[in-house]
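Chain lettering (A, B, C and D) follows the sequence in which the chains are written, and residue indices restart at 1 in each chain.
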Amino acid sequence: MKLLNGEILANKKYGENLYKLEVFSPYICRNCLPGQFINIKCAYEGMLDPLLRRPFSIYEIDKKFNVFSVLYMVKGKGTDFMARLVKGGMLDFIGPLGIGFKADEEIKNYLLLGGGIGIAPLSLIAKELMETGKNIFFLAGFKDEAFFLWERDLIKIARNYKIFTENGSFGQKGIPSVYLKENMHLYKNYKLVVCGPKEMLKNIQGILRDFPGIVADALMEERMACGIGVCMGCIIKIKKSPGGFEYKKVCTDGPIFNLMEVIFD
Amino acid sequence: MTDKNTYETDLSVKFGKISLKNPVISCSGTFAGGLQYSRFFDISKLGAVTTKSFSLKKKDGNPSPRIWETASGMLNSIGLQNEGIDFFISTQLEEIRNLGAEIILSIFGESAEEFKKIALKIKPVLKHLKAIELNYSCPNVKAGGMAFCGVPENIRTITSEIKSIIDIPLIAKLSPNFGPVTECAIQAKKGGADAVSVINTVTGTAFDIDTYKPRLANIVGGLSGPAIKPAALLQVYQLAKGKIIPIIGMGGIYSWQDAVEFLIAGAAAVGIGTVNFSQPDAGEKIIAGISEYLISKNINSINDIIGKAL
Amino acid sequence: MTDKNTYETDLSVKFGKISLKNPVISCSGTFAGGLQYSRFFDISKLGAVTTKSFSLKKKDGNPSPRIWETASGMLNSIGLQNEGIDFFISTQLEEIRNLGAEIILSIFGESAEEFKKIALKIKPVLKHLKAIELNYSCPNVKAGGMAFCGVPENIRTITSEIKSIIDIPLIAKLSPNFGPVTECAIQAKKGGADAVSVINTVTGTAFDIDTYKPRLANIVGGLSGPAIKPAALLQVYQLAKGKIIPIIGMGGIYSWQDAVEFLIAGAAAVGIGTVNFSQPDAGEKIIAGISEYLISKNINSINDIIGKAL
Amino acid sequence: MKLLNGEILANKKYGENLYKLEVFSPYICRNCLPGQFINIKCAYEGMLDPLLRRPFSIYEIDKKFNVFSVLYMVKGKGTDFMARLVKGGMLDFIGPLGIGFKADEEIKNYLLLGGGIGIAPLSLIAKELMETGKNIFFLAGFKDEAFFLWERDLIKIARNYKIFTENGSFGQKGIPSVYLKENMHLYKNYKLVVCGPKEMLKNIQGILRDFPGIVADALMEERMACGIGVCMGCIIKIKKSPGGFEYKKVCTDGPIFNLMEVIFD
């Protein structure tokens, strides 16, 4: 992990409130594992609001051209600032952060399930899995057509996927966790990797309770101050036998956790 | 970046029985033991590293969410999550020493008793420490914490009891949440403290207007960062005017200019906290900035600017 | 922008003997008499306009410089420059009435005596006023000001003396610079106040590192703006929990979301101050925003959200 | 005065730390007098630092195309933000503010004296004076060549001028107040209009004390919060007979004051 300044090569609108930021950084491209993230400064130098950096997963890595990208949704003032960044400017960020994703040698089949912007880190994980010869099935769910263009990126990675939208505006109308519930028997020997809103993760945890022995990773999000394990701000509750829990830091103990051990309050 | 061996000006400071190679100290709870930050710069360049506050036993701290960003600041309600003083002694102390940094150990007790027990535990390692900071001012715990500052005599009693157990410079860390810190500083002095750290965080809160829930599970949190700088600076200035006790000034320092502002307002040294989250190399940059400032003004020693605005 | 006659939801609030068409009030000293702001929007849309604090005689205020910008905030040391209560009675009152706005008159005395003399002067115009705000909390004056809050009984005595002279709702404006405002609020209640305004500015300072001079000629100033919001909100929340007296919440409100945050934290109304400088149409925007928020949530009356987070 | 949103037509670098911002605004072009200023918001919406607006004099008005401009020096975070504004974006500002400059019917000759960025409002005043048939002489003083391009704007307005730089990098080497002191006898029947650093104004006030009856306007600067006469933040001391003073607000009582009545502490 380093404090870096990377040249912005593009900041493209991808859909309603959705952007892809491309940054030149040999260091990130060489050292980043899928699932890791960077912490971006969202203010010009000297401006003190917003004060804290914002965490974003790495979406793509192009080792040939030393370019990585971040796919992000405009939510508040930090991402609003990012949306105004232009080609040629510099991005001030720290990375790579968190423990990255490593494919399990023993497991051949992976089911990736993303809700909303949760598909961002999963896309890079999917790519990695494909490259290591795994069999993957990608399930994605969105509210609407904001992520329409993402399918173009996905098909380059995975042939086996299903997209749901709540309003049916693209893909199938519906939500992926309902599909999962109905079809989980087909994926009993898959490892799951999920990322999305807390409610979705909680739902899936519930569904998987009926399949003891299933292995599922979840990429968690929590508000962060430092992103490097110092402030103790980003903790979540992780089960600790018997019946207890311990606090784990999303930024350095995660962001990937065993879904079945996460305690949602 | 200026290299640590090429400063052309004398940055060393001495206050009470504490001598530091320069006045820039990391604030408790914002730098852990420095290990992470050593990835960004050589933390031995700092005047000292102040550890997270350690309690007698491991503390889990408060439930999540624990942080919320505010205008030019942040609220935290960590609640002193820490691994306990034994962890410091057995593990972290060695880690920081290996990095070559001077150490100020911050400790926290819910009661005078707990403070004393911790003091007993650290007796064997005192030689490795520059000073002990007594955290009398955490806003995020049920017992002890900033409540000590609500009854300033507590500060005298506990400080002097600790002093009778361990012979090492003591720093009392004070809370701004009861108005001016003057009375607490007087009591710290009476109790035998060598310096005071001013200020710990300012209490505050925030709510979610959609769920009506507090943004922090603990409801109350401590505000830090640039937002509190004017208030912190005034506390330092007013205390320095009274010439009661040396002051480590902190609260909202973001740049070397801010650090200099605290020094001219009378701080003998400065603490940098929240800025580390935003700019992990802040410590190095602030030291270099102060040094270049002095050089540009032809000032040979940092001591010539301390209290200049008084 | 929503027109004032088309609000589909009831924004009117009533607390103590004070009724307002909506809970958004301009803060004293940040809106003058509203004349200037009437160039930006129809100020009669506001719940009320609070005037600059008037003293018995014209006051020149403090020397220049009087303001300094800080991170997400500003320091001011105006020192209550005002034309004196006679000017209000003879000139400004008429001006504001012509603009159709409800008026809260803020007054300031260096002593109980001065407060009483002002009360006597305004007796003839009481019928044109919604309430009187008693400024017990200015940080920028040598005599009186926030010192009243340092000795909370003062607040009871002066409030009840004023009450015996004039029969009009009274609002005590409190200082955050002595820790929690609870005791002051209790005394205000005992003295017969109908509400308290919480908070006035937080004391702070700033220095010029080139000249070593304070940024404000008066050295100390009052910090306002978004920087202080978390601290102000906590004061309001804690006071509201105690159910002592109705609260006009203020301190750092910048958007309608901020205003709603104060309301759910228990404020019966909100004051908007520094934001007026930055966004001169803030009053109108904040009222419209609150209204739209209620509509979007299918809430019929603002009273249904007041204190929702308690 | 209005709260306005104007389209940015250009934001050109004019010299070291010097920029000219051109904004489309029929309202300003119709209603602004020379010497008036606008108060600019220097943060994106939702960002709370810097919090206060920044005051800038109007530099040029092009009534035909409804474009006005501001000439500004980058000093701190507000002007740093301005320097990053790009064509096509919107400028959030309040204006016109302050009492404008009006030529005196009785006076034929005007001596304008600007130090540094103080030449900005004087340029518009000069143009107005020329258009009303006055005789003007423009004296300008700079540290260095940062204002080199400004001369190009000036020659379109005034033929009669002298530029000094402290380092002699363009114009004559020297400072205008020294020139004034030596040549003031030539300008006894001129009205002076001066704008620049406080020290310069104070100097000139000293020089003019030897010329009783001389009329001199000064454009004053003071830190502002509201810019519209509400906060009482921007006061300066103005002489009030006998021997006393009163506080006047730069934003609404000024920014133009009788130089000989200003009290510099």
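We adopt the following convention: a contact is a pair of C-beta atoms (placed from the backbone, for glycine too) under 8 Å apart; a residue touches a chain by one contact, two chains touch by 3 or more.
This structure is a prediction, so every number in the text was calculated from the model and none was measured.
Touch-path distance (fewest steps) from chain B to chain C is 1. Contact count check for A-C and A-B (C-beta pairs in contact): higher for A-B. Rounded to a whole number, the gap between the C-alpha centres of chain B and chain D is 46 angstrom. Chain C and chain D have CA centres that are 36 Å apart. Counting partners per residue, chain A has 48-50 as the residues that reach two or more other chains.
Multi-chain contact residues, meaning those touching two or more other chains, occur in chain C at positions 71-73, 225-226, 254. Chain contact topology: the protein chains form a complete graph, every chain touching every other one.
Within the complex, the chain B residues that touch chain A are 29-32, 36-37, 39-40, 60-61, 63-69, 71-74, 76, 78, 81, 225-226, 254, 274, 276-281.
Only residues 70-73, 75, 150, 177-179, 202-207, 209, 212-214, 219-221, 223, 225-231, 233-234, 237, 252, 254, 257, 260-261, 264-265, 293, 308-309 of chain C touch chain B when the two sit together in their complex. Only residues 43-50, 76-77, 80-81, 84, 86 of chain A touch chain D when the two sit together in their complex.
Partner chain C is touched in their complex by these residues of chain A: 48-49. Residue ranges on chain B touching chain D, taken from their complex, read 71-72, 226.
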